[in-house]
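Two complexes, one shared chain (chain A), two partners (chain B, chain C).
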Partner chain A sequence: MTSAVVSPRVRSGEWFMLYALSIMAALVFSAALVEATGGDWHPVVNALLDGSLRRPGRWGETLGTAAPMLLVATGTIISSKAGLINIGQEGQLFVGAAFATYFGFLLGGPGPLNVILILVFGSIGGALWAGVAAGLKFWRNVPEVLSTLLLVTVAGQLVAYGLSKPWLLLAPLADRGNRNQVSVQLAEDNRLPRPEIFGNEIPLAVVLGIVLAIVVSFALSRTVWGFKLRMLGRNPRAAQRSGVAQTRYGASALMLSGAFAGLAGAAMLAGGGFAFGNYQLVPGFSTSIGWTGLLVALVAREKALVAIPVAFVFAGLRTGSSFVGATGVEGRITDVIQGFLVLALLVPPALMFLRDRRRARAAATERV
Partner chain B sequence: MTAGSPDQSRTGSAEPVPAVIFHNITKTYGAVTACGGIDLEIHRGRIHGILGENGAGKSTLMKMLIGLVLPDHGSIRIDGDVQQIQSPLTAASLGIGMVHQHFSLIDALTVWENVSLGEAGKIDPAGVRSRIGDIADHYGLLIDPYARVSDLAAGLRQRVEIIKCLRRDPNIVIFDEPTSVLTPEESHQLFVSLRQVVASENRAVVLVSHKLDEVLHATDDITIMRQGRVVDRLSASSTDAPTLARSMVGREVSLRSERAALGVLDTTAAGSQTSSKRTRGEAPVLRIRNASATGPGGVTLLDDLSLDVHAGQIVGIAGVEGNGQRELGDVLSSLLSLDHGSVHVGDTYVPSGKSGAMARAGVGVIPEDRHDSGLVLDMSVAENLILVDQSLVSRRGIIDATALHELAAAMIEEFDIHCSGPDAPMWSLSGGNQQRVVLARELSQEPTVLVAAQPTRGLDVGAIEYMGERLKAAAAAGVGVLLISSELEEILDLAERIVVMHSGSIVGEMPRHKADLERLGLLMGGIKV
Partner chain C sequence: MISGFFQAVVDIASSESTYINGALFAAFLAFAASGEWVAERAGTLNISVEGMLLGGAFTSAIGYDITESVLIGLFAGVLGGLIIAGVQAEMSHRLSADQFVVGLTLNILVFGLAGFLDNELEPATKLAGRWNIPLLSDIPLVGQALFGQRWPFYVLYALIPFTWWLVFRTRWGLELRSVGENPQSADVSGIDVNKRRRQSIYYAGATSGLGGAFLVFGQVGLFEDSIVGGRGFIAIAAVIFGGWTLRGTIAGCVIFAGALSFRLSIQGLGYEVNSELLQSLPFLVTLFGMALFAHRVRAPGALAQPFVRGLK
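Our next item is the complex of A and B:
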């Protein structure tokens, strides 16, 4: 019997080179694009850095933007570990924010306690919305890729309806002036604290996001629950035989993933800040944070700890982009840059994966 | 065998040029030498057996002949001319065809569509179908060209593979482990047609195998490989199985198929008779009653199947593959729900199809396809050892990495699993070692019942022997062992009670010491006797 075992050697140098090359390529493409649209790449870079880090108060803003992205990404990682593809975080986030708004006012308890309730009900809203997809999958066999995605649109309509009815989310006339479709603003003591450090307001949601990412990372790698979830994701039949029921564990993973998106929505509502408006729910409140969080998870490749820095990079692009407009270049160019970067960060793992698989296959066919 | 004297073709004219000459062929993968300086001649009109354990280099050598792998050094002559075989297309143009061990058929297509795969230009369906008919008549490989491959049993699928290969009319045909999925009857039939291909049409046939009796009985020349080298060249007429076995593994092995071939089946029957006396009167540890199950499209998978397994007993389920054995294994793995009937382990009723229920009730399973439900290839060896039960290495839901590492290291040691350590990814292990991981895990659960479905498929002689010993030891320790195998020799060797499955139900049974090959064969063919 041959015992020629292929040990997976980590060639960190190779990884580094691949990443350096592809990020370089993305930057070159981005610069070329800026030049081609009549701009100049140098001021654009400066604007990005000013907007995300250098100007007073901006890095706090970047952290605040990163927080919900990180929460969404962490949730996404939970469901993809279980082999489920949740791509409806944008909708789950929105529904979560709506739940948080509704129950936040309905209950309206004393300040700090109500903040916690707002976050809890946000999570419940997101979980229920993902639960619709989970129910469709495990009772009616509807692929969750489709249902989660399509439910994003439904969520938008649903919350818009809520925002048009005073008995649901619409603020009383006195509070909204002549504006339509806005909720009441959260009371001062119902907001997440934003302590100021070095002239930057740091919303507490960042701390929450980082702590939860660490907890989830630990839970997935070191607990029996995480072990079972990974088993389910990698081999559902082995999981079924070993007592990991797909309905129970799969549905709970999908709902938990939705809960994180909902929590992100609640944190945006209660965290406020430049990016997320005025502590009130409006149409389009989710501002693509759900989609970006999904990208963060994609780039972090199922590693919750890696999602932390990735979320900060993506948040930096977002906060930086608001300064780009001043250079005469269309601000949305950063969306394209972000797209390039996502691709750049995904190419190395894809290449490595293809190579590993080729080797594994070669190894497997050599000694079946 | 219906062979004409194989030597005539060589002595008839002047010494003919060998169909294939390998000269000093070397192929290395990193530090591993798959083939080191191989010299080999393959002649027309003869069947050349290449025998070796897993990893001996036989597959690599054949892949070089078919153009899937390029040699590092050395030359290959086809009919006397040096050829660079760069791709399977080159090989095909040289008249070399191969029937692969793993099927490369497309399930959703029909037989004739599969046969015409790889054709260039416009496909002529009628022509393909009539060609299939010709081949079928000529070689006795009967098949319905309109049948969908997904509906065919393994034996018939292989028949399609063979027809696919013969359709190109190759001069040199390579068979890679052709009988690993065939029943004895199907294997016999295959060798009869092989002999015909060789004798009447002067083709050269290479048979790659690790089954001794097969090589011994079906071939003319035998080359034995071990660790990438040719260790022996023998003539089938002047050797015997023990010689081959020694040569192949470099040590003595107990030859179960040899014992079966020589009719010395009852060497351990005395022992097993005492054990059945011991269990007589006791309640069975596994009791299946009137089990019925249907698959998609209303196909009957199990049909009113009843079966008992007693403690300390090995019950062998014989039968042609595709008669519900896989489904029986699935029921006992909680992967299939019964429509009717019940499963009891000891006195406890175990609901079918309920995740983990069978495993918790004490049913250990070595599944037919370990990659299907036995292992998680993307997890580590250590994690695969605790798939079913994490309680030993976890406290309050948190897995203790050190305890897991120690437990895995101990099991790796005990079961002699070759791997780079507990953290080695499962996919990095060879098939035999993957099987040992399954075995180690299932036995460490101290099961009441152990289901071993095709436990030695694709394993080499040493690993087969090891598995047999382990199953016997488990039975001796009081486990009720249910052995599901399509290799009759395996069942005759290990099981003390033999039951035959056909069309999803048990059609007959007999104790081993009364095993009657003819009756077994009839039962397997669905004839009640």
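Our next item is the complex of A and C:
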């Protein structure tokens, strides 16, 4: 009987140990890989820290990179709470950015107002793109895992098409020089402000991301809407019986997660940052931010508040990776580190789950 | 305009290269899809098939680079697929982590690993030798496509009947299907549900690894990290499109391969078609195919549902 009762302090200690061990294992694995291919892991770590934090202006860059990742992750958490697996954020983000570009110029209101319009239309674009998958899921029974994924490639081609047509997204010849396939650059007053703090430019998108993560975390855990979504995710049959229409709530959750990805795209467009196309839409604009944001959500295990620090860690890996090349080790090692980290972080919760079940079963048989 | 389109279709349908490319694409998809089909019949929607293909392609290139033997390269490809299958199987059906999360992470990890190691090791590979089956390869239009390919292609002719036999004519296959339909009853009748599911994932890993190796030795001739390029997901779609029957799955592979081959041929024949549309054509055809057929078929009862004893 006693074996089933574990004091919370012992448990949190175990959790900490398990996580520490897993992270260590992932890092040791990555280091071993660098060594095995003839590199040296020590300068790589230094380069990562230099590129993400230590060099002047770099931590602002890291924050700016974390912002869209966090937005994507927050949206992912909404849909996964509802039991839906949206893995097409990369495409939703791209379509959102394209919508933001197109409508931002088409409407072209006065500066500060237009920034808001750009963000709104970005969300609409992302939501519509996710809506395609939602429609396929709830009317035609196509699993959203696949449709969202296949739509990523289609999104890339759709935007590329837009960028080849002057009446859609392509900038007039005078504005793009010899470069093909770029949109008009956002005007100065159409950009998200980037106030400078301690020599680092901080895009306001970071604030937006953090505020929205907090809002979503609250909404999911403390509102009726959030409760219904969680019910839908945990037990669709019970949810349906108690009046939560799977079609309506599921589709809206999926579209909302797309909206967040689209918002991330719009924020990348309007928020700048040197990695994000310099305030204009280019082919390949999304640069895997959607994929990484998805990983952030996976690691955060459906907790929007946990996603905030995780996004910063992954953004640091990304901004640091541009410095790794100088050490003679291929910069893509950061992708590997990221993959190992995510995989390792899946282990502790699974182990704890299994152990809890075993203990519960043992306790149940003892009682008999 | 319309007559021009018909002319193009006729041109493409009467060009031998369309069938050769189509057969290559279909074979590549079928390697992956036959294993994926087994995994799905056992209840796992195994999205790491993309990673298994890429991993298999990479290890087969390494295997060839070391031994200069295509045969060993093929085995190395199987091994690579099995390693990735191992992570997927043990994490999702022993540790009970979410199968989609594991699969997605694996795909991203393998993509990073393959890119990183490819740049560091730069394996050199070549195409395997071409085998012309006498008489059969002289059939007009499709002869070369089906019987005049490089030899790893012919492994498929054995693999598909073997897969069918395994799933429908062995006790193991029966247990496998029961695990995918109703794991609770299977468990009660003494079948280790998660063990069967792990084994089915290992099978998917082996065939996908073989598919990756086929891609390197039978089609492309070299390894690069974009070699699979999302077509693993088309293989998954083929299984769904085929309504979880082996015959339908292979039909799905052929249709989706047709879209891939159409894209190549129409440009090869000099027709001007919007390139963005062509690039997304296979994916659009896949989406439309699923939209048309996915609701008519019945999925394995416990597809994508984890099994933990006593938990319903």
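Throughout what follows, the second predicted complex is superposed on the first by the 345 of 368 C-alpha atoms of A that agree within 3 Å, B and C clash if a C-alpha of one lies under 4 Å from a C-alpha of the other, contacts with A are read in each partner's own complex, and residues count from 1 in each chain.
The definition used in the following text is that a residue touches a chain if its C-beta (ideal position, glycine included) is under 8 Å from a C-beta of that chain, and two chains touch if they have at least 3 such contacts.
All figures in this text were calculated on a predicted structure; none of them were measured in a lab.
Engineer: For A:R237 in the superposed arrangement: first (chain B), second (chain C), both or neither?
Structural biologist: It touches chain B, and chain C stays clear.
Engineer: Output check: A:R222 vs chain B and chain C. Expected answer is one of first, second, both, neither. What do you get?
Structural biologist: A:R222 contacts chain B only, not chain C.
Engineer: Return first, second, both or neither, reflecting whether A:Q246 touches chain B, chain C, both chains, or no partner chain.
Structural biologist: So A:Q246 only meets chain B here.
Engineer: On the superposed three-chain arrangement, identify whether chain B or chain C touches more chain A residues.
Structural biologist: C
Engineer: Touching A:L113, do we find chain B (first), chain C (second), both, or neither?
Structural biologist: Neither partner.
Engineer: Between chain B (first) and chain C (second), which, if any, makes contact with A:L354: first, second, both or neither?
Structural biologist: second
Engineer: Would you mind listing the overlap between the chain B footprint and the chain C footprint on chain A?
Structural biologist: In chain A, nothing is touched by chain B and also by chain C.
Engineer: What part of chain B is in contact with chain A in the complex they form?
Structural biologist: Contact set of chain B toward chain A: 29, 31-32, 34, 53-55, 59-60, 101-102, 227, 333-335, 355-360, 365, 367, 372-379, 383, 386-388, 390, 394, 397-399, 401, 418-420, 424-425, 427-433, 458, 460, 462-463.
Engineer: Which residues, counting only chain A, touch chain C once they are in their complex?
Structural biologist: Touch list, chain A to chain C: 33, 37-39, 85, 87, 136, 140-143, 145-147, 149-154, 157-158, 160-161, 164, 291, 294-295, 298, 330, 332-336, 338-340, 342-343, 346-347, 349-351, 353-354, 357, 361.
Engineer: Using the touch definition up top, name the residues of chain C that touch chain A in the complex.
Structural biologist: Touch residues, chain C against chain A: 45, 47, 87, 91, 95-98, 100-102, 104-106, 108-113, 115-117, 119-121, 230, 233-234, 236-237, 240, 274, 276-277, 279-280, 283-284, 286-287, 290-292, 294-295, 308, 310-311.
Engineer: Spell out the part of chain A that touches chain B in their complex, as residue ranges.
Structural biologist: 1-8, 222-225, 227, 230-231, 234-235, 237-246, 360, 362-368
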